[in-house]
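Below you'll find a set of structures to go through.
Paired with chain B in one complex and with chain C in the other, chain A is shared by the two complexes that follow.
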Partner chain A sequence: MSKYGYVGVDIPAQSFGSNKGVFNPAEINELVADNKWTSFGQLELIETQTASNVNALDFTSIQESTYNVHFITVSNFSAVSSSTGGYLQLLESGVAKTTGYQFAYQQADLSAGTPFTEQKSTSGSSMVSYDFDPVTPRNNYAYIYNAGDSSKYTFVTAQYVGINNSNLVMRFGSAVSPVASVVNGIRIQSSGANNFNIDSVSLYGIRYS
Partner chain B sequence: MATNLEFINSFSTTSASTLSADNVFTTKYDVYKIVMTPMDKSTDSEHLFRFLDSGGSEISSANYDYASLEMYGHTGFTQRRTTGAGSIAYLGFGDRNQATMYVYNPADTGSYSFVQYQSSGGTSTLLRGEKGIGVLKLSALHRGFIIRANTGTYSDLSVSIYGVK
Partner chain C sequence: MGKLVQVNTATITSNTADVQLDGIDTDDVYVVFASGVTISVNTAYLQLRVTKDVAGTTTTQTTANYDYAAKTLKANTTFGNFSNSNQTRKYVSAAQPISNDVTGENENFIFYLYNFNNASEYSFVTCEEMIINSTNTALMGDMGGFVYTVAEAHNGFSISGDACSISSGTFTLYKVI
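Here is the complex of A and B:
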């Protein structure tokens, strides 16, 4: 019986980037399942959600034991009818962490008298916050590091762009949850009682990171 | 087949002041993505980035320009910028760091090599984030890069390199 087209001894070991032999479909499927088949596309979609008139949206299956780095995109976060801001928070054992973050963001807000300001805190309520605004959209991406590592803090780098009072607003920077713990989910939360819509939120894992 | 992010190689160390990622940049891609995590080391100091030349040697000549904004959770932000430097300094600052970098044209012998990056790190009590840009003003093949601790030793450093298609 052959394996990878080889018979007998010296059947080559297989690994990503190094597949040797002649493969039948079953062997390819086996190697794919073991992450040993070379195929590209290492930005791996975990889940996409939309939000319609909700106060919070959760990702509860983030595969934190598989991916050391996650990437999330938020497209058109906007208030339903009354002004609201929003937060990106971490879930630990399924419970939202609402305090104890540190963050540091540079903001550019063309509607403000002082366009460039520093947004920082050592006792924040979120990793990323979205401006309080009537209904205009905000868009955001973030990298999340070490979510599944119980020995490390979870860090974020992020950037968002939106409209505030008809003018461009932007933030970039980073944040940390300075507690060594496992993060097993992500929440996007309204900053108050008013609900929000989001056209699309996609969570990815970066394989081999 | 459309493939977006294509894994090339990864490197790691648990006891060294430098980590070299050689033979990762070729003309196959114009744009590369480097994910660096963790970047844990023994001292609270800068994390530096340099390119490797076509022979795999570290380029430390004064041909780098960089500019970054260093952002803290507890105090006012700092601009880090210089021309004619021997490295792209302030990839991060701290005894721990996480960074994602895009590298443009490293193997194009007719172009400078550019980078843009963002990082988050600091110490056990202080957050330091960086958002920066840099360039090596040499039109040559740069086949890899090296991460260097300004002081101290890395206890856990891993980098993964991807081609962006």
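Here is the complex of A and C:
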């Protein structure tokens, strides 16, 4: 019986970036499952979590040494019972960084007297901030750059859309942690004692080369 | 199933005047990710253009056919508007000088490319840009887009320095399928 088109004892070991042989679909699927099949640019799911009545949610195994860019999606992020705010923060050596961020977001909130406002700071407490009412959701994506590079700042571009006081709200923009450091985790944190739910939050890596 | 298919990539480790990512040859949407970008001269600029296959050579197009509009988001002050027409490039981040003299400073971008392969349409680009501004060491970046107003096919995307070279960064072009 052949393996990768080879018969005998010298069947080559397979690894990402080094696939040798002739592959049938079952072998390709097996290598994909083991992350040994070479395919550039795919979104590689790292982890999916849900949140039910929690005050914080962490991703602590983000494979920062593998990916230059991470992508995170958050579906139906809402307060449990009382209005609260929330943040997306970075973990350095497992500890949440809570100060020293810079961010700049354009907001449109159709419930507000002035719908279009600027959200900005050079001394912020998060990369992305949310404020929301019970049940009403926020849906969000963010790209995170250079998390694993100790010589570079970590940047985020993000956008969210949701409902605030029965009206549409959205933000888009970017943020930076202006310290050259390794980021080895991501935290979604409530701003106070009130908890939140999230239907689904998924973290991906974008494989470059 | 939808995914990103890598078309071209360039990892820059020494001064490069113009990073060209070519290989666009289908009618799909394409996307460029650029991360960890640094420039050789502090307070210089980066500029964006399209490339075209001219007699087999990928050539950056520098004619005055770039129209752009963007909201410039700034962490330290009022946001700005950045727009113009018939220019020879779209400058990154409202043509503000980029800071690259502090360890850790770098630039990061996402560009979605539309209609590049279509010889009957203009080529459009959406921009998500992040730099550190050298004037005030604050985060800023354009969110918007530009168009090259010549109905012809373009085979790629160019990021180049103005009064500088690109000294490092990872630049990757993907086809979105």
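One rule holds in what follows: the second predicted complex is superposed on the first by the 166 of 209 C-alpha atoms of A that agree within 3 Å, B and C clash if a C-alpha of one lies under 4 Å from a C-alpha of the other, contacts with A are read in each partner's own complex, and residues count from 1 in each chain.
Operating definition for what follows: a contact is a pair of C-beta atoms (placed from the backbone, for glycine too) under 8 Å apart; a residue touches a chain by one contact, two chains touch by 3 or more.
These numbers come from a predicted model, not from an experiment.
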Exercise. Could you check whether chain B and chain C clash or fit when both are placed on chain A?
Key: clash
Quiz item: So, A:Tyr67: does it touch chain B (first), chain C (second), both, or neither?
Solution: neither
Quiz item: With the two structures laid over each other on chain A, which partner does A:Val179 touch: chain B (first), chain C (second), both, or neither?
Solution: second
Quiz item: Which positions of chain A sit in both the chain B and the chain C interface?
Solution: 40-43, 68-69, 102-106, 118, 120-122, 143, 145-146, 152-153, 155, 157, 172-176, 178, 206, 208-209
Practice problem: Provide the residue numbers of chain A that touch chain C in the complex, in ascending order. | Solution: 40-43, 68-69, 102-106, 118, 120-122, 143, 145-146, 149, 151-153, 155, 157, 172-176, 178-181, 206, 208-209
Exercise. Within their complex, state which residues of chain A touch chain B.
Key: 16-17, 40-43, 68-69, 102-106, 118, 120-122, 124, 143, 145-146, 152-153, 155-157, 159, 172-176, 178, 206-209
Quiz item: Which residues, counting only chain C, touch chain A once they are in their complex?
Solution: 3-6, 9, 11, 33, 35-36, 71, 73-79, 103-106, 108, 110, 128, 130, 132, 137-141, 143, 170, 172, 174
Quiz item: Can you name the residues of chain B that touch chain A in the complex?
Solution: 1, 3-7, 9-10, 35, 37-38, 69, 71-77, 96, 98-100, 118-122, 124-131, 160, 162, 165
